[in-house]
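Here chain A shows up in two complexes: once beside chain B, once beside chain C.
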Partner chain A sequence: MNLRELQVVFACLASRFGAAAVFPLLQQQLDRSVEFSTPVTSFRSLQEGVFLLQNDFPLYSGGVMHHAPLLVALMSTFNSNTLISLLFTCADSAIAYQLIAMAKCFQNLHLPAWVPGALYVINPLVLLSSVSRSTVVFSNLAISTALLSALQGKAVLSAASIAVAAYLSLYPLLLLVPILTLLPKDRFKTVAITFTTLAGLLLSSYKINDENWNYLFSTYGVIITFSKIIPNLGLWWYFFVELFEMFIPFFKAVFNLFIVSCIIPFSLRFHKQPFYAFILCLCWITLTKSYPTLGEGGFLLSFVPFFRPLFGYFRYSVISTLLFIHVSVLSPVFYHLWVDLGSGNSNFFYAISLVYALGLATVLVDLVWAMLRIEYDKGKPNLNLKLTPI
Partner chain B sequence: MRALLVLFWAFLVAKAQEVRSSIDEELLIPNETESAGSADETCIAEDSSFGLDSGNSTSNDKEDPVEEELLNEALQKPVFFEKQDAIKYPFAEQLTLKPLPRNYMVASFQFQMASNNLSVGQSETDFDAYRHYTVFPKAISPILEYTNTRQLHLRFTHGLWDSESWGQLPHKGSKSGGNGVELWAVIEADSKEIAFRHWVSLANSLSGLFCSSINFIDSERTTYPVSSFQPQGDGGLPVFNATNGLFLIRAALANEPICTENLTPFLKLLPTRGKSGISSLLDGHKVFDSNWHSMSLDVETTCDGNDCKYHMEELIEIVFNVPNTLARAEKPIPKPVKESDLKCDESKPHDNFECFPLPQSKEIKFRLSELFGKQIVGSSLISESPSQICADVSDNWKAYIDVDNMLFATDNNCFSVKENKLHDLYLESDDTTQVTPPESVPLYVSRSLTGYGQDSGGLRTVFKNPGNESVNAIYFEALPWYMRIYLSSLKIESADGLEIEDVVRGTYYLPAIDRERPTHLEYNLTIPANTTIALSYQFDKALLKYAEYPPDANHGFEIESAVVTVLEPVRYEMRTATLLLSLSTPDFSMPYNVIILTSTVMGLAFGTLFNLMVKRLVPLEEADRQASLRPGLKGKVARMLKAFSLKRKKVDEVKKRQ
Partner chain C sequence: MALIEKLQRRIIDLGLLPRIVRFLPKLSILCGILGICWLTLLLPLEGQYRHTYISENALMPSQAYSYFRETEWNILRGYRTQIQVLEEKSSKERNEVVASWFQEFGAKTAFYEDDLHGNTMYGVLHAPRGDGTEAMVLAAPWYNGDGEYNIGGAALATALSRFFSRWPVWSKNIIIVFSDDPEASLRSWVHAYHTSLDLTGGSIESAVVLDYPGSNDFFKYVEIYYAGLNGELPNLDLVNVAVHITEHEGMKVSLNGVSEEEMEKRNYFSKMKTMMVGVKKMALSGVQSCYGNEAFSGWRIQAIVLRARGTDGPFDITTFGRIPEATFRSVNNLLEKFHQSFFFYLLLAPRYFVSIASYLPAAVAFSVSFIVATLDCVLKSGASNTPAFSVHNLSAVIGFTVALLLSFALSILFSHWQYSSLLISCNAVIAVLPAIFGRQGIEASHSYQFKSVAFLYLSVVLTSLLVINFALAFGIGLLAFPLILVKAPMTSRQRVKNTILLILSNPFISTLLFVNTFEPQLSGLQLFHRLVQAWQKLGCWTWSVVCIGWLPSWLLVACSGIPMPYQPVGGPSQRLGSSTKKTQ
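Showing the complex of A and B:
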C-alpha cells in the first residue's frame, strides 16, 4: 500500500466523517429522501429497532422493523452518535480500500491502482448514501469483501461474506453463482460454507429474537413480496399501487423471476471472465431489486473503471451519463413537487424511476456489448470493425 | 281503522277459543276444532266470491256483533293505562338544561331502562325458553345474547366541546365519544379469535340497527385496550360460562358523519318511541343543528345471585347557542337585520351606511318549544317515575313550567311531568353571563399534526395541567397502520426541564401490521401541577393501493381522537379532536399506462440483453450478405435495398467524378 492509496483511504474517512460532523442535520434529511433510504435500509428504522430492543418491546410483531436481528443487536451496542458515525465511515473506507486491492489484481488495467478507490471516494451518490447511514453500506462491504477474496482465491472468506451479504439484504445470495465461476476449484466448498454460514446467522437470529421465526417475514418476506409500497427508484412500486388486486400475485412472481432470470445466463456466458460476470450480475440485481437506492447504484458505478480496456466499445456512454445526471438532479425535484408542494403528481416521480432503470439498463447493455466485442476481437480492440448480432 | 281493529280482535278471540277448545277436548279431532276452516268451507258453498279476503271477512263478520260490544265497552273507558296503577315498568327519563357561559346551553336527555330477568344458559331455541320484553328494546337483547356481549358502549358524537369555557363534559366525560362513532364492548368468549368474531358480528348488527357504517369496523381498526376503557362498577362483570374469559374490544370510526338517520333508531329504542315524554322534544333538525352533540348508548349486564338483567342508559346531549337557535327558529333563512331593528353603538360614528352593533343584550327569555320547535307531549305513563325536567341554573335565572298556559315554579327548578298534557319550559334571566360555575377540567389535552410533506410527519400532543395537584392519566391512542410511527423519536418539550421518564410512567405499545392491525399506544402519564408539556413523535406515511383510497382521496384520512382518562385527582375522561391526515396519492387514471410503460422498460432491458447473449456477432457486410441470401419476402426486400444502395453509391461516385 503506497502513499497515494493511503491518501485515498484517509480522504474517504475524512470526507464521510467530516460531512457528518459539519452538517449534523444532513443525515436526517438524507434519511428521509426516497433516493437514499427505503424501509429495509433506513437508519431511522434501525434506530427504532434498537429502541424497541432496549425497551423489551417485541421487535418484529409489527410492520415497522425490516432490519436483520443481528444488525439491530450490533447497533444496540453502540451508544454514542460519534461511534455510529465512525462505524459507517469505516465500513465505507473499507470498501474504498478493497476497490484499490481489487485493482491490483488486474495487470492490464492501464490505470493506477488507486483510481477506482478515488472515484469511489468522490462519487457523490456513495458519499451521500454513507452520510445518510443507510445500511446499504454494510451489504456493499460484504459484497466487495466477497469479490476481493474470491479474486484472491480465498474461498472461505468469500463464501462467508456472501452469506453475510445475503443475510443483510437477501438478493446478494444470487451473487453466489458468479462467485462460483470465480472460484472454479472450490465450488462445493464455497456453496457448503455459504449455506452453513447463512444457516448459522439465521439460527443465531432465531435465538436472539426470543426463539421466534417471525423476523423472517419482516426482513426477507417484505423483500420478496414487495409489500412495503413506498415510492423508490424501483420499477415496481407504482406498478403495484395501480394494478388491480387480482393480478398482483402473478406480477409479484414475474418480478421475482425477472430478478433471477439473468444471473445464470451471465455467469455461463462470461464464465471465462468471471469478474465481469460478477459485475454484470450485480448490475442486474441493482436494476431489478425490490428496494433500490442510489447508494447501490453508486457502488455499482465504482466498478466501471475496471472496464477501462473496453471504454472504446461503449455505444451509449453519453446517453447513460446524461440519464444518471437527469435522475440525480430531477428525482429530488420531482419528488418534492409531488409530495411536498402538490403541484406535480406521482407520475413525475414514476417517470424518474423509469429513467433510472433505463440508465442502468444502458450501462448493462453497453458492458455486455463491450464484452462480446472484445471476445470477438480476441483481446485486441479493433474499433473500426462494425459488428452486428444476428 | 276501527273496523280493522275489530277484525283483528275478533280473529284473536276466535283463535283463543280454538285453542281452549282443543285443550279441553285433549287434542281431539281437528275437523271440529278448526272453526275458521269450517267457516271457509261454508262460505265458499254459500256465495260464489272466490277471493280469500272475502272469505275471511265473512267468517269474521259472523262474530262481529258480540265483539263489537266488547270493544265498545273498552272504548268507553277512555284511557286504559292510566287506571291501571299496577303496570309500571323500570324506565326513567330526565331532561336537564344547563346554561353555559357565552349564551350557550347544554340540554341533556337521559333515559334509563332495565330488562326482565335473563334466562342464563338458555339459548333462543330452547324448548322452554321464552322472551318477554317490556320497556327494554326488543332489538338489542338478541344481539347481545348472540354475540355474548356483557357490556356495550356506543357513542355518536360530533362537534367541539370548548372545555376552557364550558368546563367539564357532562357526566365527567364518561358518556361522550370522540368525533364520529365509537364502540366498545366486553365480550365473553373462549379465545381472542372467537371474541373477535363476535365483535365483528356485533358491529354488523349494530350497523344495521343504527343506520351507520359501523360494519366498517374490522381488524384494521380494532384494539384491545389494556388500561383505558376499563369497565366501571363494583363486583366485576358476570361470566355466564366459567371456562370463558372476558375481552374488552374497542374501535372508532372518525370519519362517520352523524345525522338524522342515526337519531331515529335511538328514539325507536325508547318505550315512548319519541312520541311522548321528553323524547317528544327531539327532532333531527334541531339536534344536529347544534355546536356539539353526543348520543350514547350503554348496556350493562348486572347480576344479583342468579338473576341477571340488562341495564340500558341512553343519553342525548346537545349544546346550543341560544340566541342563534332562537334567531334561526324565527327566520329560517338568514336575512340582514332591518334598519329599524339595528342597534348601533352611539358612541361611535353611525349613519345609514355605517354601524357598530352593540353587544348582545344580557337579558334573555325563551321557551323550550322555541329552541326545539316542539312541546313536550305528556309524560311517559308506563314508567315507574314521572318524567323529570330540571334546570340547573344560578340565582338570576328563573325557570317555570308551562302547563295549559299556567306557569308553575319549584324551589329546586325540577319539574315532574305527570299529566297527559302539553308541557313547555319557560326560562328567563336578566344576566346571562351569570351561570352556575362550570367545574374545572383537571387536564387540557390537544393534539396536532406537524410537518408539511405527504410522506412523513409528526404528532404533537400538549398536556396542560391547570390545577395545583399532579394529575395521573392514561393516554390511549390507536393510529391506522398507514401511519408508521417511530417511537424512538419520542420527545418531550417542557419549560421545567422535565425528562420523558418523569412524565411517562409506563408504556404499552403494540406496533401496527399493514392492513391488519392499528398501532396501539397507551401511556401512563403523571403531569405535575401547573405544568404544560408536549410529547411528540415522528411517523412515515405509507402509499396505499389504488383501490384502498376513499372516493375523495385528496380530502385526507380522519384519524380518530386520542382518549385521555384522568385517574387522579378526579376521574374524568376526554377526547382530543380528530385529525385529518393527507396521504400522497397516485394518479388514479394511470393503471394501464403504468403497466405498459413499466413493462416496456423491463422488456427493453431484458430483450436487448437476451438478443446480445443468444446471437452471434458478425461484421456488418457479412450480416447484409446473409440477409440477402434468405429466401422469401424478407430476402427480396433485403436484395432490393442492397441493389438500391449500390445504385446510389454508383450515382454518388459518378457525381463525385463530375
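Showing the complex of A and C:
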C-alpha cells in the first residue's frame, strides 16, 4: 500500500468522521429522508432495537424492528456516539481500501489503483449514506469483502462474507452464483461454507433472540413480502399501494421472481468475465430490490471505473449522468411537494423513482453492450468500427 | 425497443447525427424562444385554456342563501365608528378593546406578543357541530399592504364574527386574527399558532384576509390575490369559490390587481396580460407588497385576500361581507381536504385557467435549452480525448466550487450589509473583465468546459424549481437566457457583444432592470432590500435561489472569457481569439 492509497483511505476516514462531527444534525436529517433510509436499514430503528435489547424487551414482537439480531447485539456493545460514528466510518473506509485492493488484481486497467477508491470517497451518495449511518454500509462491506477475496482466490473468506451479507439483507445471497463463477475450483466448498456460516448465524440469532424464530419474518419476511409499505426509490411500493388486495400475493411473487430471474443468465453468459458478471448481478439486485437506498446505488457506481477499457463503447454515459444528477435533486423536491406542502401527490415521487430505475438500467444496458462489443472485437477495442453507434 | 433500434439505424444511415451535433447551438436558442412563445403567445389562444370548474362537489358555492345583509349594517357601522376612533391608539390597546367585544358574544380570545412585530389578537369561535379539529381563519390586519388603516376590514371581521357566533351551522372552528400588518406580524402569528400558542382551534384549512381600507360604505369592485410565498398557490377550488360568489353577488373581480379598464376586456391581449401579471406576482411574491395570503404559505393552508377597491360604487360593505360568509359556508361543507392535483394553475381571467401540463413546457424549454447548450459545450471541449484527471478537466469543477462558495458568502454578507450600489457596480465590473483580459485569446477547451459546467448547473436549478416555483424558474430561465449567446471572443465586436450579454444576464442587474421596467412598486434599488427582507422576515427563498442558483453559473460564464494561468496539458490545443489570427 503506497502513500497515495493511504491518503485515499485516510481521506475517507476524515471526510466521514468530519462530516458527522461538523454537522451533527445531518445524521438525523438524512436518516429521515426516504432516499437514504428504509425501515430495514435505518439507524433510528436500529437504536430502538438497541434500547429494547438493553431493557430486556422482546425485540421483534412490536413490529418496528427489521434489523438482524446479531447486528443489534453488536451495536448494543457500542455505547458512545463517537464510537458508533467511528464504526460506520471504519466500515466505509474498509470498502474504499478493498476497492483499491481490487484494482490491483487487474493488470490492464489503464488506471492507477487508487482511483476507484478515491472515486468512492468523493461519491456524494456514498458519503451521505455513510453519514446517515444506514446499515447498508455493513452489507456493502460484506459484499465487497466477498468480491475481493474471491478475486484473490480465498474461497473460505469469500463464502463467509456472502453469508454475512445475506444474513444482513437477504438478497446478496443471490450473489453466490457469480461468486461460484469467480471460484471455479472450489465450488462445492464455497456453497458448503456459505450455507454453514449462514446456518451458524441464524442459529446464534435464534439463541440471542430468546430462542424464538420470530425474527425470521421481521427481517427477511418483510424484505420478501414488502409488508412495510413505505415510499422509497424502488419499483415496488407504488404497486402495492394501488393494487387490489387479492392480486397482491401474486405480484409479490412476480417481483421476487424478477429479482432472481436475471442472476443465473448473467452468470452463465459472462462466465468468462466473472467479475463483470458479479457487478451485473449486483446492479440487477440494486435495481429490483424491495427496499433500495441511494447508498447502494452509489456503491454500485463505484465499480464502474473498473470497466475503464470499455468506456469507449458506452453509449448513454451522458444520459445516465444527467439522470442521476436529476434524481438526486428532484427526489427530495418531489417528496417535499407530496408530503410537506401537500400540493403534489405520490405520482410525483414515483415518477422520480422510475427515473432512478431508468438511470440504473441505462448503466446496466451500457455495461452489457460494451462487454458484448468487446467480445465481438475479440478483446481489442476497435472504436472505429460502428455497429449501431451513437 | 426494436422500433428505437430501427429509428437509430435510420438516423445513422441518413447521417443526421453530425448534423444534429452541428445544429445544437441553434437548437438551444430555439428551445428558449419556444419557451417564451409558449407561455406568452400560445396559452392565451382560444382552445389552450379551460373554463374553471369546482372540482370538489361538496363546496357548493352560493347554494345557500347569504344572510349577512342590511340588517347587520348598523352593527357594522357601530364597530366601524369605534375602530375609527382607535386609530390613534397603539395596537395593543386596540386589540384589548376588540377583545372585549369578542368576549361579549362569547368568543375565546388571546394575545400573541411578538417583540419585533407587535401585538396580535385572535379569537376562536368553537364549532357547534364537529369535533373542533379543523379551523378556518378570517384575518384583518390593522394596516393593509399599502399601509392604509384597514377600518372596513377590521369592522367587517368583528361584525362577521358576531354574526357567525349566533349561527349553529359551523362544523369547523372559526379563528379571527387582528395583526399589525399583513406581512411579518401575521406570518409570525401563523408560525406561533403551529408551534407555541395555547389557545388553538385545530388545523387551519383555509384563510381569508379582508382588506377594506377607509370608512366608505360603498365600493366598486373586488380584487383577489392568491399567489403565496415560494411558488405556492392555494387550491384552485378556493379561488374559484371566491370568484363564483363574488360574481354571483354581482360584483366584478380583478385578479392580482389588474386595472379596472383591463378587467372589462375579454380579448386575447387582456388574457395574456392577466396571466403574465399573475406569473410576475408569483415570482415576486413576498418581495412586492404583501396583502396577507403570503403569511399562510408553507402550512398547507389555502389562503386568499379579498380587497374592496374604489370609494364609491353600486355595492355596499355588507355585500363585501357576504363573500367571506359564503366562502366559509362552502369550506364548512368540506369533509376531506381540498382536492389534490388542483394546486398548479395559471389564471388568465377569473373564469379561465391553464393547468400544469399546458404551462410547464414553457419552463421545461428553458431547462432543455441549457442542457442542450451543456451538451454542445461538452462535445466541443473534447473532454473525452484528454485524461480524466488532468488539471484541464478539474479546473472547471474547482472553478464551480469556488463560484458556489463565493455566491453563498455573498448571499449571507449582503443580508447583513446592504450596499446595493456596490453590488451592482461589482457585478458590472466582473462583466467587463472578459473584454479586457480576453484580448490575448482564450483556450477553447477551457472556455467550453467552464460554460458546460455553468449551463449544467443552471439547468439542474431550473429543473428543480419547475414544479416548486414555476414563475421563478421561468423568470430565471428568461433573464439568464442571454448567457447561452455568449461566444468565445474572436473579434472586438464579439467582445462588446459578450459584455452586453453578460450585463443583461447578470442576476442582479437583469432583475433590477426587469423590476424597474415592469413593477412600479419596486423602483430604484429597493428590490435588493425587499428581497433580503422577504428572506429574513417571511422565509421567502427568492434571494437565496437568485444568489446560489443563478450567480455561480453567471460567474463561470464570465470566467470562461478570462484566460487561466495554467499551461495546457498535452498535445497542441486550439486557441481562440487574436493569437489564432497571428498563427495564420
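Throughout what follows, the second predicted complex is superposed on the first by the 387 of 390 C-alpha atoms of A that agree within 3 Å, B and C clash if a C-alpha of one lies under 4 Å from a C-alpha of the other, contacts with A are read in each partner's own complex, and residues count from 1 in each chain.
The rule is short, and it goes like this: a residue touches a chain if its C-beta (ideal position, glycine included) is under 8 Å from a C-beta of that chain, and two chains touch if they have at least 3 such contacts.
Being a predicted model, the structure only gives us computed values, none of them experimental.
When the two complexes are overlaid on their common chain A, residue A:Ile230 makes contact with chain B while staying clear of chain C.
In the overlay built on the shared chain, the residue A:Ser80 is in contact with neither chain B nor chain C. Contacts of A:Glu242 after superposition: chain B is touched, whereas chain C is not reached.
Of the two partner chains placed by the overlay, only chain B lies in contact with A:Val365; chain C stays clear of it. When the shared chain is aligned, no partner comes close enough to touch A:Asn384: not chain B, not chain C. Touching more residues of chain A than its counterpart among chain B and chain C is B. By the touch criterion defined above, A:Gly63 lies against chain B but remains apart from chain C after alignment on the C-alpha atoms of chain A.
In the superposition on chain A, A:Ile325 makes contact with chain C only, not with chain B. Of the two partner chains, chain C is the only one touched by A:Gly344; chain B is not. In the superposition on chain A, chain A positions 342, 345, 386, 388-390 are in contact with chain B in one complex as well as with chain C in the other. Note for the complex: chain A touches chain B at residues 32, 34, 44-45, 47-48, 50-52, 55, 57-58, 61-65, 227-231, 235-245, 258, 261-262, 265-266, 269, 287, 338-340, 342, 345-347, 350, 354, 357-358, 361, 364-365, 368-369, 372-373, 376, 385-390. Of all residues in chain B, those touching chain A in their complex are 452-456, 481, 484-489, 507, 509-514, 516-517, 519, 538, 540, 542-547, 584-587, 590-591, 594-595, 597-598, 601-602, 604-606, 608-609, 611-613, 615-620, 623, 626-627.
Of all residues in chain A, only 115, 318, 322, 325-326, 329-330, 333-334, 336-337, 341-345, 348, 386, 388-390 touch chain C in the complex they form.
Residue ranges on chain C touching chain A, taken from their complex, read 5, 8-9, 12, 17, 232-233, 298, 300, 337, 340-341, 343-344, 371, 375, 378, 389, 456, 460, 463-464, 467-468.
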